[in-house]
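The chains carry the letters A, B, C and D, assigned in the order they are written, with residues numbered from 1 in each.
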Amino acid sequence: MLSLISYLRTAIPTYAMPVALLIVIGLFGALAPVFLTPANFTAIIYQMSITGIMAVCMTFVIMTGGIDLSVGPVLATSGLVVFFLLHIAHFPLFPAVVLGILTGAVTGAISGLVIALFSLPAMIVTLGMLSIVRGSALLAGGPDLHLVREQPGFEFIGNGFLFGIPFAIWIFVAVSLLLIFIQKRTTFGLQVAAVGDNERAAYLSGRRVKLVKMMTYVICGMGAALAGIIQSSQVHTAAATYGEFGTELDVIAAVVLGGASLLGGKGSVARTILGVLFLAVLNNGFNILNVPIDYQLIIKGGIIVIALSLTEWANSKVA
Amino acid sequence: MSNKKERAEQEGRRDFLKGVVLGSAALGSGLVTPGLVIGESGKAMAAQDERVKMAFVQIQPHTVSSAWSVGLEEVLSTQQTIDYQQLDGQNKVEVQVSLMDTLINEGAKVIFLQPIDSVALGPSIKKARRRGIAVITLNIDASEEHAAHVEMNHYYGAMDIAKEMGKRMGGKGKVAILNAPPGIIIRDQRTNGFVDGMKKYYPDIQIAADQVADWSRKKAQDVLSNILTAQPDITGVYGVNDSMALGGVDVCKQKGILDKMVIFGNDGETAALESIERGELTGTQFTDVYQQGRFAAAAASVFVSGGVTAKEFKQQGKLLMPYVIATSETVGSIQPAQRW
Amino acid sequence: MSKQILLEGRKLSKTFGRFVALQETDFAIHAGEVHGLCGSNGAGKSTLIKILTGAHRPTGGEVHVNGTLAPAGSPLAMLELGVACIYQHSNLIPALTVLDNVFLGRPPKTKLGFIDATEQRRKAEALLEKYNIDLDLDAQVSTLATVKQKEVEILKALALDAQVILMDEPTAWLSHSEVRKLHDTIARLRALGVGLVYISHVLDEVFQVCDAVTVMRDGAVVWNGSIDEITRPELVDRMVGNDLGEASRSVAAEPRHPKGTGEILLSARDLGMTNTFEDISFDLYKGEILCLTGLIGSKRTELLHSIFGSAKFSAGTLDVLGRSVRYSSPSEAIAAGIGFVPEDRLRDGLLLDHSVSDNLIFAALDKVSRWGFWNNRAVRELTERQIRDLNVKPADGSKIVKRLSGGNQQKVLLGKWLEIEPKILFLDEPTVGVDVGAKAEIYAILRKLRAQGTAILLVSSDMEEVMAIADRIAVMVSGRMTMTCAADDITQEELVLQISGGNK
Amino acid sequence: MVRLRQLPNIELLAFFLLLYAFFCFYAPHFNTASNLENLLVGYSFIAVLAIGQSFPIMVRGIDLSIGSIMALGGMVLFDLSVIYEVPGYVVIPAVLLVCLLAGLLNGALVVWLRLQPFVATLSTLAAYRGVVYAISGRQLFPEMATRPITDPWLTGMDSYLDIGGVTGLDQYMEMPWLPLSFFLLVGIFIIIQTMHSKTQFGMNFKIVGGNPEAARLAGINVKLTILSAYGLSGLSAGIAAIILVTRLTTATEALGNGMELTAIASAVIGGISLQGGIGNAFGPIIGAMLLGIILLGLTLLGISQFVQQIISGLILIGAIGYDKLLSDFRMRKARAMQSGS
């Protein structure tokens, strides 16, 4: 009996967020029954796939105690790069996409290198990178919208269907599974968490802490680049102005809602997906109920505060 | 109306000379302040062999402002004495104000300004006028008097869109607005124009949803898809800019309901015009933005070469750009050279 | 009792979860008395001190100051009642100046409520003069050497005009002459009627300055009385108890290996590090335990780090397994077969939010993975084997390390390094905060390793420990190695003298 | 000499002056009185925000919501003055009160609900912006939107002092007109710096940020200190809102968007460590002015807007790297000196 109670207590922080999510879904469902249809859930997942890919890839960065504010411009740049490769250089689709993702990896590597090697605050370095990448993208592509024309392969990435499910969802699922796999099944996953938990202990245990940190930024950059390609495909356009200010905060909010601590150590890819889902459900529900933007923002802020303080409260009871 | 006559005149006129002629004509024909006297001033003579600084302060790098800049540069580059610079307002009022101050300090002769807010840039414009700098606003007017304003009218344009949309919807049904977040004046003008227009011409049409999609095509796809889930009986969509309208088109195409939908955008960028030609987007408000830039540049040339100092303006000039509600019927009349 | 009781704890107890840190303890300090508090690490001294200063709220019992009940768990109230403490860990603010730190939280103020800088400086200078301390009041604390920082802490307590001052190992960072200076200060304070609590592992000091002694073991007071009523061996016996007495005797009964098997695994010549240590030369033989001892702050830890690659030595040469090396990161040292159990297991050693299993495998990832992918069976087997061998309790690999007791945490940390099968193992204060039983188990493991031919370099400040398990002993004083000898050739008393630099 | 070396941010100040000198030489019109005037009028309020931001950062937190609080303050000012025609001397304290309360709410979320400061203020960033939209006078009374603020108390906030004219020095050299906001900044600097060095309240921020456990043991109310850090951050957002809105003569719903990152960057460049416990009021001012001269200087150099972004990003990373390098060096030297003695 006693052990059951103590088990339930330890379980509260784990389930606080899913329960909050279920309550929100229930509320929306009660107010608008159409919210609960399978088609709508597919739509929610389709809509969260871009932010979702960025968020799962950002999770590792945040787990090491870092942050990456430069995902917005990276998203824009990769779309632009793929556009140029396809349209101007007439590359085949596959290498173009690979090179696009590589752009993200390179920008991530630069941020990571500066942050890890010189131990500079990630927030300021990536803020600087945000400005540098945006400037470079605008320099290369100008502020114009570049229409993608007659590229059925490219269009398929964002708009196609595979087995009746949008291909973007498949990509999101694949990336999520890959990262969950990395987190759970590889030594890299443990090393990322270890760097965030106790960087010095990890270093003294012979781990290449700086390399691990850098790799997390590379992954984050690749995620943003992939997201950029999907978005470009969905809107049939590439532009240096995409991924406007606020994109990075959405992504970070999703990761943190998933229980990651910005101080590092804690975090899980699977729960980040939950965080993204939470935000996507809110957006979807607000649209369906036609809630005005002012109430949307106030309610969103309030719900996040309540959900997270519930988790914190439960955590403090356990400890 | 006179709109149409001017349209016909403008077509095909792309070179500088004609632009200047047209600009001067526009100024002379009283579209611009009659009280604007072209005076003779020794200062202007002296200024001729100096470099003349002109700059364009935009809201932030964007398709529209970039097209303006093309028009501006086209005209200005023919005069070797003009230094032209394009500046980024970073979508922040205070940055625009700071850039204005810098340009005033630099002694710019003309500032082209796309103000984020009509009132907020007022004090800066006043300061510029005191220093004898001509400020020409593009698209968004300022509450403070300044040299000239070149615009496509947002409020009436949106009203016309409402009229056209209502006609196509048969005077009844439900409409969704894909809106921008508050904080920028054209958003308010377009929304108010559309809402007022619907009320005026087709009061039976209900505006069933008004959701923010952040100017973004992707966001608009998501938002409209959700709105349609809740209210499948919506048949009209107004996107406050073309990107959002095209996002709406994407969704309707995917849902296979495009033929039932009346979707309007605003601005008239190339992608939107092409979409109209393909029969997807119903229509948009089109303005020849290059021409708008050329007009502004022409007016600026007149100010500089004529030696008019901003202090001498008695009343602000207003140059209303003609606009077309481009639909499948009218889109053909828009020349490729006008498209941006 | 003729003297007035200043501070009294009645039936104080404290539990952390299931762990009982303190059980129903009575404790009293009289005016003008220096009260020694003795006990091995983990005996509950720090817990008692923290309750008396209000830093911990007791689970049961009461604290009385001057005969009236004091509010529990309020550091501010205790300070205002005149109870000050010098903690083991620094309680200074690195970004502030010495002056601001001395009056931390309670500076003299002008009538307008501003900090009275003139008065503050005057008071501080008077204190410096009175107690003969040399400090730059305007220096930022973060720029001070650690020894100086300790002086700031002492000055901070003195500035409080405290009735009772608790000192948790105040001499740990001080040199011999500084210790004497502190003892003079203590004598002066005692004469002024201040009550002092003095915690120290150096028994000589206890016998020098204390009037009364309380001995603690396993969270309880086992003896208390006047210093005259107890002899040194008796004191040690009461501190250690029978368990460790036996354990250490059994360890001591093991034959020593004064020269290992003769093969030198690690050899340092004239190692130096700017402003830290210099001229360090020693050899480490296969199958021996070399104990490196000295006061805290004698730079032993820094020496280990410089060899291990986590810091850099600036002079001298280092040979490991016959090859001249200079590691630029711990990973290189580990690859060469060196393991390192660091001093501060919470800060440098363990992944506190991770499981026992994660910690155990963390230094030997290659062993349980291929191409970076886990071999789950290998992970499970390794975890189970280590938990069994080390007798980790509870025997659950998924348990979060943070929630284990100190002894079990230390075993996990040790187990992590055993997995790399080290040829050379460094241990820095491996038994601090570890209970008696676990201590004996750790010694047993070290002995086994020695038998297998591992060369062990063990840093310890615990004399009993050094005497119990060392084959050879090296002493460091202020960054210099002053002595190396076989353990059999020296008595504990001689060693204490060596450590405090009294020889010179 | 010794004292000079101990002056905080000396490296940053040197960097600032170096860059300033560079622009003076190479950027036309940079070395003019009116450019200095532009710098002061354009960046004083950002410096105020940065000083405010330094408090949460000093206690190991962060305040992302200041942009929204600014907009909130601005909108309250607009509503009260233009729509309800409340006199300016009532409006100003009301705005400050609203912003203070908004800041305290942030603090309450951090202290009592134990939320991570980043998330707590990210949530209120959204929520306060929502409140701004909801109370926006421009949305509620569209006909009022184009009316500027005319209350003399408020427009008076945007006035200048012609020091050259007053002192008669302008006969000899061109002197900048100093904006009231600059004097406000100087006043705030003096108050905050005095607070930091002369009062217990001010010192508490460094103590709590530097070592929370020591602060608790010294009897300092840690929770109250953290709460007031966020309160001060909100309050300074209110002051900045008043400066900016009276200058613009109107408030927009998007006011202060993205301002939090500018303020954080200014504060961090100004030596406020994100690890907490370190800081003064001088650094953030220099940080803000540094960002100011970068924008002004690059604009005057005539550099393309896109290249400007790249260069300012590089300078941002450069400034923080340079600061870290030199302070590491200084720390090592100080330690060496100490242990040498």
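In this text, contacts are C-beta pairs under 8 Å (C-beta built on N, C-alpha and C of every residue); 3 or more make two chains touch, one makes a residue touch a chain.
This is a predicted model, so every value here is computed, not measured.
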Subunit B and subunit A - chains in contact with each: D
Chain pair, most C-beta pairs within the contact cut-off: A-D
Between subunit C and subunit B, distance of the C-alpha-averaged centres to the nearest whole Å: 73
Inter-centroid spacing, subunit D versus subunit B (mean Cα positions, whole Å): 35
Subunit C and subunit D: spacing of chain centres that average the CA atoms, whole Å: 44
For subunit D, residues that touch 2 or more chains besides their own: 133, 257-258, 304-306, 308-309
Sequence positions of subunit C contacting 2 or more other chains: none
Residues within subunit B bordering two or more other chains: 61, 91, 181-182
Full enumeration of touching chain pairs: A-B, A-C, A-D, B-D, C-D
Subunit D-touching residues of subunit A, taken from the complex the two chains share: 69, 114, 118-121, 123-125, 127-132, 134-136, 138-139, 245, 249, 252-253, 256-257, 261-263, 292-302, 304-305, 308-309, 312-313, 316
Contact footprint of subunit D on subunit B as seen in their complex: 61, 83, 85-88, 90-95, 97-99, 101-102, 104-107, 116-123, 143, 181-185, 188, 192
Residues on subunit D engaged by subunit C in the complex (per definition of touch): 6, 194, 197-200, 203, 206-207, 210-211, 213-220, 277-279, 331, 334-340
Residues of subunit A that touch subunit C when the two form their complex: 185-188, 190-191, 193-194, 197-198, 200-208, 265-266
Of subunit C, residues touching subunit D in the complex: 53, 55, 75-77, 79-80, 85, 87, 90-96, 100, 104-107, 109, 113-115, 117, 138-140, 142-145, 148, 274-276
